[in-house]
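The letters A, B, C, D, E and F name the chains in turn, as written, and every chain counts its residues from 1.
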């Protein structure tokens, strides 16, 4: 089972979303047209096949809007669903169900879209042992949720921010006076619990990075033939010590070829910044 | 010129995004590898053609990270850019430029993606007089930004939330006892500055909605032939009094035909919930 | 039944008020003088006749202070009470009851004062069909509560802020180049779910506003004879299409005469910014 | 000069008020009708005579809305103004001036109303040496501002909350087993920097309170003759050691008689919870 | 029983601490290694003798992390414990117990350290009637908790901040033109519920302070012989009217001698700003 | 130069501290006794030798209290100072200088205490190449500041929270079914940028941890002879691949002997949770 996000994070984000949707006047349509004591049974179901993420947020949206609503999880985060499959069963005051509907669906549709896109890449590399990872290219303020959705889709998380791992890119290398110096500076400055990654633009830089003890090397936009060579260099000359990550031009069509080069990780910005929503809907049931 | 978002809203969201990326430890890579007094000149430029949105957020990301950075807007919100066009010129302490880069790009890439998707629909209906509008299907916590991006793309905003307009759907109608009762209940309950929209599923319901004074009627998933008939009914029998909005199955391929039916507004959830990022990048210049 | 405010809004404001009253040291009097396990029964009752508003906030003040307190609503928001009528019955730990008392009374006294003032105007125009509406002249940070209190008193809400409707005043007209241009600019810029109001200073401007499609016209400080003429112009020349709102010099003494001119809405700043508290008190019962 | 409120408090409350008024969509009227580069000169002036409070909040409202606006204080907090007197001169982008206008006026009108009401009581007791004080009967979330306004009107602040002084009332006395025990319990429990007040219902209780070392005694709803007797008892038998405060039925008509009994302080809830707004307006000047 | 801190304050601080420890990714160790449905029984016990404070915060840390955890208080705030004594018994989902452990211990260890240090001073002056008080030298953001811990240790609270009592020091005296003027200025400006303290540097200043009605006099860094003389002056010439507080060089070795001079209060910054943690640990029990 | 904390983090914490000290009433002493236009020059200087940390927070405290104050940094974070050395020179409105003094000193005294304690350990192991590291035993809400202070003292940061590295302890091992399983579970679950540490209680467990690829091994409370043996095992049998960290009973007296065993890192909770304040003071200068 995929570990749940902290309820503290979920409540904060859902509260913000509910306030965004309710404003000061609240749900004026429902207040005018739905009797205060009317109750409803409803389901949230998939209208397209996909992988689910965001169940906790949806759950929380209903609970914070109306404490008397009960929500039953039929398909939890990480579940693969078909068109028509029910994800949540909801029962309680009709006003609350309708008022929270859009926020619940916005979280689940967005996050399930990410999980579904991730799963497509994961499926495409099945059997190669490669991990599909996300990046920091996320919607502002929603990173914890999007990173969680990537895990729901079978992917893995890259660093969460600037704070939890070192990633040395071309500008850092230039300012430090080269790969060796940049790696040494990082090693001296950061704590012993921090991994250090460096981005290289070719096999020459790769050798320098490996020789200077990089934990992870990012191979950006390299041809599969070069990636294969990089894997051999790492294995043969450096005991396979470093983790090799490929990125750039990763699509459902290219990912298998990249995976077959033997790299350890393939990262994609697309799965978080451009995955389309998964189509979900809420329907009243009688 | 498109009106700017309130700086209070921009600062809140950008602060949240920066904290999300900095965590408690900050940008440990830059701290280790970039000298404290190094300066940099950089540009944010388009790597694909598109329409820009989010300039204020990017601007604010640099300013809040490092007060000594100056940012010049070369292409403001709403501008149509080609591959290679510079959007922002940035100059100042190199650490700050690098630390704020990702947050700035995440805002601008996401919002420019929405503006670009909106503009594609707007272009497709050019000359018909139809307005392209968004919905409430937005990323939680980012609605004000996404609604603004829609305007940057030449679109118009639908209601912002549950609070600023009435939208009566099937469940509301059923609970109220029919279209006439639902419209009457809404009219009696909400203030005189609030518009009332009702969703209908066919021409029969449309007549009832118009006869009972709906300000706006949502025609969901109707065939173009029915939409055309709806326009005629509104014009011929009700003095064109109501605004007619079409939604459902709106794509770049279908939107022109829908527009040519004569409806006033076409709304799309896709432009906010599923538009891919516009590819932008930051490059140091010497 | 008047729709309740979102619990998210109520909790935020009540939490702020409790923190304001408790500070860091808390209720030092109660801590010193009331045994930790003492319990109490109390009522909040009216000491003057009036209309109740703010029951939810009072309820929440007790609950957030001490979870073990139970509160029973005897007279809910919108109820008309006489001197001595009980509004809430409260039972639980005596410390909590005493510590939350002032915050609960401050909300209810203030909001019931507004409801009572509103109801006096509503009563005065009974039978005319006129709606009494509030304005944006509210206590900073308490608008959602004050607008709710107006509804409790039988009034209606005007726009909630700058964001949910257009209100064109003299400075906007001057800057736009006249009424026709201002209305056209607004119509082109705002979404199709937004109503447009314009303030006019005489019957000439009224004609121009009506001819250019204003949804609502504000007739500020006009004599009843002019208001009557305005109603006729709207009905006879424009099919009664626009909503007419009168404001200025609205008192309990003048409001009936204004209402009898046939305008649709009368708005008053006084009911929110200057209504005196309704006198309520908490008493222990044995 | 009356000490200013902490800018941290002012910014928080003004930010909250501006967000309340701007919502997510901002000032849609001004965006549509006022050119982005138009500038304006305006004044905020009194439309009725009164005492000013809230200048800082108004100032901050303009600054936070639009940094390019300059505000000049013509009449600062505490100033007595006549109809027509200018309080603030404002110059800058017209959009910002118009967007911030209502928030600025809501703060100043409300707080100046309190200052004006306070000043009326202060004037009425001139020469008696009595201090006019406020209570904790304040609008939730605005206590710091209202307490400040009382000082602008020449009044004094009572305790700010439950935390900064002890106030023993009938329920505390009953639960403690009498006045002597309640005072002893408070003295033992609270720090040496905290004053202890006790409310008494007659001269018998007063003697007991004075004999047991109360710092301040609240004489609630006592007739002037009893108040005079209380003053004598305190002076003759207890060296005038305690501060005597009268409350209850304090109006502009009764306050002089109460003051002339020789009490030290007269407190009024009315000046904060029921004072009507002072009428102020913003006008463009050419 | 020592009064509990307001739950609003506790929840805020514990939420902040939990977010600080969880970040966006949460407890990644526990998620990977502890089965989701595993349960645990554990105790928090003392590993050194001391006085307990912070039980509420620990309790809240477990509850906010995982609602299904039950916590039983075996030794409440203020209890004196020996090595091995159990303070809290905890039972529930193992993940939650482990995830909340550090935050719970950080609060309790820190606050119990303060209570223990306070109690050592309190014990040392036993029988003298002197009160041990803290200062405003506290860890930023934790003052309410540290002041509470002082009370758990048998100490008393000095003023909580700049806002709840006057403390006139040398710079204030100099700027006011002397002790008499400073005291007069303070008396005129602050409300009747506020105590006024003044710091003096010798017996001459003490006399002036007493003659001008100071409520409390701070005798900083005076030799015991001078303190004794100060006590006599206050008693013999001023009826013992002022409270005398000694500070400066207060240690477990010096405090008894200071207490025996007859001062009323001895204040120490050390008990809040430098008390070492009390060693507590969480152990699973089978 | 030690990298500065993000200004966003500093402003948040300093704002919280200032509000904690100002409350709603503000600095009532200064308001009463210091003329509004008085100016002051002051210094913050060391009263004991030590290492400085927290200069940014102090700087920010003055700036947020009174924008017109200028602060010059004479000894920045990380500087070793002697008694009497000036750290900050301050000039501006006297009220602001006095009002912000305590918050500025509370941050700097607390953080410099941590830096000073850290430096003492760092000095004691000089020449051994061992890094001194902190733990998560920090004051709630102040972790970023305390971790920064450790760096100012020449120490290194351990993981910042539960989120940025894996730390497997006895309970995790037991629940997972042993060291090998726990390490495998962690490796499979966490991303490729995350380091994995495991705590072992003896040399047998150490071998198992090394054989299963732990990145870092925590050797808790082991005798120096065992630590030396652990270093040899890691070097001789595992290529020195893992980082070895010793903890437990680390004092200024024991740390050198631990360091000389050859471990890579020594961690101490004491330097954050129990370091006494560094004595600093603010003095006006003429």
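Following the convention adopted for this analysis, a contact is a pair of C-beta atoms (placed from the backbone, for glycine too) under 8 Å apart; a residue touches a chain by one contact, two chains touch by 3 or more.
Everything quoted here is computed from the prediction, not taken from an experiment.
Enquirer: Tell me which chains count as touching both chain B and chain E.
Expert: Joint contacts, listed by label: A, C, D, F.
Enquirer: What chains touch chain B and also chain F?
Expert: Under the touch definition, chain B and chain F have A, C, D, E as mutual neighbours.
Enquirer: Count the C-beta contact pairs for A-D and for A-C, then tell me which is higher.
Expert: More contacting C-beta pairs are found at A-C.
Enquirer: Which pair in B-D, B-E or C-F has the same interface as B-F, with over half of the contact pairs matching by residue number?
Expert: Comparing residue numbers across B-D, B-E or C-F, the repeat of B-F turns out to be B-D.
Enquirer: Mind checking the centre-to-centre distance between chain D and chain F? Centres are C-alpha means, answer in whole Å.
Expert: Distance between chain centres: 44 Å.
Enquirer: Distance from the CA centroid of chain B to that of chain C, rounded to the nearest Å?
Expert: Those two chain centres are 32 Å apart.
Enquirer: If I count partner chains per residue in chain F, which residues reach a count of at least 2?
Expert: Within chain F, the residues that touch at least two other chains are 20, 22-26, 31, 143-144, 157, 160-161, 163-164, 190, 194.
Enquirer: Could you classify the connectivity of these chains, where an edge means two chains touch, as line, ring, star, complete or other?
Expert: complete
Enquirer: Going by the contact rule set out above, which residues of chain F touch chain B in the complex?
Expert: 1, 3, 5-9, 143-144, 147, 157, 160-161, 164
Enquirer: What does chain A use to touch chain D in their complex?
Expert: Contact set of chain A toward chain D: 20, 23-24.
Enquirer: Over in the complex, which chain D residues touch chain C? Could you list them?
Expert: My answer: residues 13-14, 16-17, 20-35, 38, 40, 57, 94, 98-99, 102-103, 105-107, 109-110, 113, 136-144, 160-168, 171-173, 175-176, 182, 185-186, 188-190, 194, 269-270, 273-274, 276-277, 284.
Enquirer: List the residues on chain F that touch chain D in their complex, please.
Expert: 15, 18-19, 22-26, 31, 36, 64-65, 67
Enquirer: Contact residues on chain C for chain B in the complex?
Expert: Of all residues in chain C, those touching chain B are 131, 133, 156-160, 163-165, 190-195, 197, 216, 243, 245, 264-265.
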